[in-house]
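Letters A, B, C and D mark the chains as written, and numbering starts fresh at 1 in each.
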Amino acid sequence: MEAVPLAVETDFDVRYAETDAMGIVHHSAYIVWFEEGRSAWFRERLADHRGYALMEDEGYFFAVTGVSARYVAAARYGDRIRVRTWISAVRSRGMTVSYRVSNVATGQLLCKGQTTHVCLDQHGHVVAIPVHWAAKLLS
Amino acid sequence: MEAVPLAVETDFDVRYAETDAMGIVHHSAYIVWFEEGRSAWFRERLADHRGYALMEDEGYFFAVTGVSARYVAAARYGDRIRVRTWISAVRSRGMTVSYRVSNVATGQLLCKGQTTHVCLDQHGHVVAIPVHWAAKLLS
Amino acid sequence: MEAVPLAVETDFDVRYAETDAMGIVHHSAYIVWFEEGRSAWFRERLADHRGYALMEDEGYFFAVTGVSARYVAAARYGDRIRVRTWISAVRSRGMTVSYRVSNVATGQLLCKGQTTHVCLDQHGHVVAIPVHWAAKLLS
Amino acid sequence: MEAVPLAVETDFDVRYAETDAMGIVHHSAYIVWFEEGRSAWFRERLADHRGYALMEDEGYFFAVTGVSARYVAAARYGDRIRVRTWISAVRSRGMTVSYRVSNVATGQLLCKGQTTHVCLDQHGHVVAIPVHWAAKLLS
């Protein structure tokens, strides 16, 4: 049996500043929403509102090495948004995180995406993810 | 007796994208947070999650004519933020909205500010705030 | 012989607001830089500073349907950035645009990416790219 | 005779991401433009493209303590923007910077504003502006 990765959901409202002159949410906002999904994942999994900030406190960082997004439908100001986030792969020195962004009221899929990350120490060197952090990512 | 304007509070987490190379939240993010406070005010007062979007649906807009902010203390990634928003003045064709941004965990004041707005119709002309909207602003 | 697509370069300075608490430019800023590269492509190819805005004036839009980026090295405040942009594919109803972001002073590659687009009319329907615009994209 | 402070101008194009659903540039973008004007001031006055980054290299920072803006007319995608920036006051531990944002093609004033700053050292303490930096600000 394959383990199903634990997903975390976070909901928020579209910010007016995130819209553009086409009247819809600008595509770059979803990249920030992915990050907010990632933050929510860490907050919920660590049961601590500082979440990923705790990892940075220890001098480790997940730098972003890649991002991809596919836009399916538009979001507008007045919409409530749900980001579903799960860690789809963990490697010695990095991880892949997946996202599904939808409209809370209609359930419609808006955007799917992934980010890839490497673990850096405070000198900016790529290092293995510390064991206690890797354990959390895999749980 | 002077009426105390009704304030609405909304809480959210600092987004990593909102931080800057000083390690703190960039001052422009607070301007977006003011707007999010304003959005929350409309959502709560109208008891409808679309809030201010309903006013735009009717062809009226509150354009921003001025903004001011005074920064008192820094916010960081990992902090939870509270924006307290109230309408401090309503005029025939506009309004002034006030904001108090604080750290939820410590209660510390981070930033105070105001925005001024004029009411525009869909042709971009300054017009009187429609009566039923003015009533909501004053309630 | 295969035609080499014409590339357009645009240079600008990192904005402080684009940095994050890691001290480097936030990954979402590159998505905005891609768009700025795309804008520069249209401005230069149309020899008109309004560029792509002219296409919107005619009621056509290139909505973003996908984005991908691979981050190779970090940019910092104080760096001057070059975005090289070319249209790597044109289809009846859409196009793919490619980007190479580098550091002007060192020539170092910072980021590579692509965006995909469909052509919409003013009602939001996917339509064929108008012939005179397709001709410009292919030139 | 009173000295007229030296102003620096920088021009750039509106980014699509800076527009909002009203079809105009979002008011928070001007706060980022003010900062870009400030960056341009330092780059030109120091005759070094790293500009203000050189001050941060020495461990000094100008934290923003206040911002105000008055919006006069809207900017749109396709507009070229000019930010005129000058240092309107220098104090022992801080400064005030003023901005005038206009449309390059028409010369129309779009926005006026000011930011206030205090000088911090690398520990985040408010300190006197180092003499050689104060001299540059006053020149």
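Here is the rule we use: a residue touches a chain if its C-beta (ideal position, glycine included) is under 8 Å from a C-beta of that chain, and two chains touch if they have at least 3 such contacts.
Just so it is clear, the structure is predicted and the values come from calculations on it, not from any experiment.
Chemist: Measuring between Cα centroids, what's the chain most distant from subunit B?
Modeler: So the chain farthest away from subunit B turns out to be C.
Chemist: Compute the distance, rounded to whole Å, between the mean C-alpha positions of subunit B and subunit D.
Modeler: 24
Chemist: So the centre of each chain is just the mean of its C-alpha atoms; given that, what is the distance between subunit A and subunit D in Å?
Modeler: So the centroids are 33 Å from each other.
Chemist: Can you give the whole-Å distance between the Cα centres of subunit A and subunit B?
Modeler: 27
Chemist: Among the residues of subunit D, which are close enough to touch at least two other chains?
Modeler: In subunit D, the residues touching two or more other chains are 16-17, 21, 28, 32, 35, 56, 76-77.
Chemist: Among line, ring, star, complete and other, which one matches the pattern of chain touches?
Modeler: Per interface graph, the chains form a complete graph.
Chemist: Considering only the defined contacts, which subunit D positions touch subunit B in the complex?
Modeler: Touching subunit B from subunit D are residues 21-22, 27-28, 31-32, 35, 56, 61, 63-71, 74.
Chemist: Contact residues on subunit C for subunit B in the complex?
Modeler: Going by the criterion above, the answer is residues 16-17, 19-21, 23-24, 26, 28, 76-77.
Chemist: Enumerate the contact residues on subunit A facing subunit B in the complex.
Modeler: 12-13, 15-17, 32, 35-36, 39-40, 43, 49-54, 56, 76-78, 80, 105
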